[in-house]
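Common to both upcoming complexes is chain A, partnered first by chain B, then by chain C.
This part shows the complex of A and B:
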């Protein structure tokens, strides 16, 4: 008898629950994200996602850590080719033309408002646009800045609070800061290091500082051998070959440790390493704008948020809700503090916790203030190959194997051949 | 084995040649010590870095013995990703692949080396072609198949594409072919044929090949990064390399202490495995065939 009543109770419960399908419209989103800077960011990201899921009982975002930028892009590409695109993902900003060529992403025009966009720093938005549509929303964004070792400045009789602000000052300071072995003349400490690996990115900053640019994506022009670009490369060759105050070759990962170990006095690198340098350096250091020529200048970098092509409308809407959640001023400020990235929106710097944080660590404001002189990152179809061509030209010239003019002329010929069709349209 | 070592001549032909040009054992040992020093140094440096505090990693004079010692990196690594789970997954996947591979490749190699059937040449040619395809060319087709089978994001997805191996089949076929026909005839007369002949005579005789292939297979799939990256999403089924990737960063460069701690943890099981079995590995290469 008792057993029967339990059974009927259970039956009743089942009927009741199926009458109110609480979870019937649960929208599940797959979200691929890379981790580009050191730190427990995968865990931080999982926290954000959990908070979002708790706030939206009918949406479940499944976070998928997908390695670094390149592996993430490869995972996205495979999934798109396999007919199984992720709903939301973050990839490196210059991948936009490749994503468009693969037909991998949805335009976001229907979701964005002018009010929403106007709060983002314009330089960060640039890489989100193509063909008059917006495709990507800024999330984890960085830009190169200038680091200097204050102790070395004092040793060399320079004012430790005044970094070089022009190329000429940079050259002069680098000469004073370089330390050579008195017997062999071998360099023990470099005056300045313009980090390799992403030196194409840094070179674009130098071209900007000289008042020109290499590729205009919206206008579809590519000029690699302009007088301004040649002059910039001549300046690099001057530092590396003629004066020998900067190493001709280095890797992106090795130069921040070099700076921390005192093997170079000044460093060009991303804002992404600021936290690393703060934690590791046992000396006073400063963070400043990249020295200018005609003006200050920099290019932005990092990753944008995208929505996968062809997902159902309800998932698209849910995906946008998630993007909105990740980019509110409060979240942008929080992500900036958790990761060291530059917050993507102006109002993020007015959030009380952020005000307190930047008062304590004013170094983090340098990148934001430099943004007024910054522009979008170079991008084009076949971007990885464009990069290779440019990097080869830079390396050949700084190694002294060819003149800057000849190296960039050759790069221009190769770029014309590679991008011919795209440029003519 | 003991009687075997006593029978080996005091100097091998290689040593005789060395003696002829005036190189003796001491020279050779010095050379070997230098070479092993060069090979071991990066590993020891990684071990040392994994035990340091961040500020001691980049010092003007390299610091080989960490002072003070910091075990916190390992704790931190475990806090950042479920490495214990990753280890279990990796072992399951690597063993799961190897077990089925041995099954498929031994039967296939038996067919190609001992049986005559129509199209065997052509079929074998296809096996060889499979060996030459770069892995990246098959990623998307494999992904499509795994997706169709509904296996995405499972440990099975990590194993299925590797269950048949052209390379292993080729290696094993070659070593089966070196076993004289007489063995088969003798076995046949004693009433041992087909599969039984394969498992009780051919395979034991091909032990060196099996051991060599197993090593390659284990190391390949232990270190595989791209396929697990593409087909898995949830930590529950992911492998060690995915955990290791969390410590490599493009924009900022890595946090070396954590990266090295993770590297040591990921590579240590393979090192231990090799240290335990290295005698066995080498023995199996020495006692090739004859003793069965």
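This part shows the complex of A and C:
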């Protein structure tokens, strides 16, 4: 008995010590990353990390797959509170103010050069800045795009090569595309689906198209019940309640399968599902800009790379090397091809493999071309709560429970109470 | 010698309790006390260092319009799932306690298997079953001429869909407990009852149900605790939406703590939750103990 326990103690010690780096020179980095599509992309990411480690014998990056965006943010937050932040991590871009409030990240000014930054698409950089410093580097980035079913267009007598370009056209097309059961009048096929779950993000795009925005982070203003926003929500209610050509609610994960199954003819969703739709749709489909109102408009999305607060200088430098490695034009182009995200840098689209790839699949260029009309994503401290408040207002209005004006007024009251401190400063 | 022996017999029971007491202290009692302590501090993304603020967090809870919806959802969920789950569990237990040969074993397995599926997997499965366009449930309903129900996308139907999933998932477990209870009832009672000429129904009414009393107390309390604690299904199936119509108490606590990063308010909610549960269980045990036959 005694001998056994001594043996197991010894074993335990061996295991414990082998967990520490044997080579004192080796810089070990913890790297938290989320990916939307679990299996395949996690494998791709591990491949990148292995390549980096092979190129840098004195640095070892330890990748930690941390689930979706929310669980990743939670892991970062708990690690920061525990005094042991990850060295490098990717979280959703709108988390920047929360990360700053928690004192969780290092500014990256000492590492970036104007030349480095000038190659990134400006809309992608916007969410990286706060208080005159840069904190996050664009990595997996997306924007919403517009998908349409060409077969349905033909059926309804519409030109399958011409998607709607304005809200009015969208409404008109949606009415033509909606199919109802002749006896019960029940909708069999929706004209258009504005996906739920991240409908707050899509709503921001509509407000942009109408020439306004909900939150100006740099100016510290938040206006949710502006006439432009109310008009945008009225348009949604028109589609879902008055005309009944769009489903009032849905979830983010369920609408791409709905589109592929032909249950809806037009779809608002992230460019991130393009690969899924391409692989599964049994019909011709198109990818286009989101229809505009005053102008085209979209807000970017996705995740940025951050460096954890207070790590030793040598680890910080190693972390930056890793960030540089992940964001070279070649890697940006490769990640875009592997994942379907938009490549974050202009020169990534000049990489030969990427040129060849986009020639074969021009659909992948739509999101990039839409970037000229796109802006940074809405962000603020307590962003998750702001999101919930906005989503509730949108859901209540599209369900016909309250008017768009009343829903957004209510949201404004809640936002004022929540962000009062921040807005006044 | 004899006195130390006596001491040992007195202290021994407490010694046996030490391991579980230690675990409970570390993982249950200490967190409860610490949450209570935290609930008096304002601590969120604007005030990272906790600031003592009396009952401000408790007051803030009632200011949130969502809180009312959350309480209503939780109560509806509990009142909707517990009686149906219990009834189904009891019914199946009684039926499957009869002599039906090998068919009985197959049915027992069939009723119990949802319990063995991990909750998250069951939730994912349900998401597909309830899909309005391609889900099996609407497919079958359509055969009976029921118009399309949007289930998880619909403010009215999302919570019932989660409740149905929970009933399907949980009744097997309670059935098993009822089966155990049924097998504790001595066979002589039924024998003498049939000699006296009692039919199935009077045996059920005067022997089975009364003697299942202690089991029922356990099932009710267990049912209340599990239904108040529902989280996984909501997290997987709806994330509380649409418009918070499936947001329940524990999910709301999670949102406040880990999504909104408002630890003060989350702690206040937790304390309220513990108090409500304690009161409920206390009343129930008091009320039901009086009506239960523990001895034959």
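FYI, the second predicted complex is superposed on the first by the 398 of 425 C-alpha atoms of A that agree within 3 Å, B and C clash if a C-alpha of one lies under 4 Å from a C-alpha of the other, contacts with A are read in each partner's own complex, and residues count from 1 in each chain.
Here is the rule we go by: a contact is a pair of C-beta atoms (placed from the backbone, for glycine too) under 8 Å apart; a residue touches a chain by one contact, two chains touch by 3 or more.
Just so you know, these numbers come straight off a predicted model, no measurement behind them.
Chemist: Please determine, from the superposition on chain A, whether chain B and chain C clash or fit.
Modeler: clash
Chemist: So, A:221: does it touch chain B (first), chain C (second), both, or neither?
Modeler: In the superposition, A:221 touches no partner, neither chain B nor chain C.
Chemist: First (chain B), second (chain C), both or neither: which does A:69 touch?
Modeler: So A:69 only meets chain B here.
Chemist: After superposition on the shared chain, which partner residues are touched by A:118: those of chain B (first), chain C (second), both, or neither?
Modeler: A:118 contacts neither chain B nor chain C.
Chemist: Should A:279 be classified as contacting the first partner (chain B), the second (chain C), both, or neither?
Modeler: Only chain B is touched by A:279; chain C is not.
Chemist: If you stack the two complexes on chain A, which partner ends up touching A:385: first (chain B), second (chain C), both, or neither?
Modeler: second
Chemist: Given the touch rule stated above, what does A:372 touch, chain B (first), chain C (second), both, or neither?
Modeler: neither
Chemist: Per the contact definition in the header, classify A:257: touching chain B only (first), chain C only (second), both, or neither.
Modeler: both
Chemist: Name the contact category of A:103: first (chain B only), second (chain C only), both, or neither.
Modeler: The second partner, chain C, only.
Chemist: Applying the touch criterion given at the start, work out whether A:247 contacts chain B, chain C, both or neither, answering first, second, both or neither.
Modeler: Second partner only, chain C.
Chemist: For chain A, which residues lie in the overlap of the chain B contacts and the chain C contacts?
Modeler: Residues 70, 74, 253-254, 257-258, 261, which sit in both footprints.
Chemist: State the interface residues of chain A toward chain B in the complex, per the touch definition above.
Modeler: Residues 30, 35-40, 42-43, 62, 64-71, 74-75, 78-79, 81-84, 142, 252-258, 260-262, 270, 272-273, 275-276, 279-280, 282, 301-302, 340.
Chemist: Going by the contact rule at the top, pick out the chain C residues touching chain A in the complex.
Modeler: Contacts found on chain C: 44-46, 48, 63, 65-66, 127, 131, 133-134, 147-148, 150, 152-155, 238-239, 241-244, 255, 258-262.
Chemist: For the complex, which residues does chain B have touching chain A?
Modeler: So the residues of chain B in touch with chain A come to 54-55, 57-60, 79-81, 139-140, 143-144, 147, 152, 225-226, 229-230, 233-234, 242, 245-256, 258.
Chemist: Would you pull the chain A residues touching chain C in the complex into a rising list?
Modeler: So the residues of chain A touching chain C come out as 70, 74, 77, 97-98, 101-103, 184, 186-187, 196-197, 247-251, 253-254, 257-258, 261, 263, 381-382, 384-385, 388, 391-392, 395-396, 399, 401, 410, 414, 417, 421-422.
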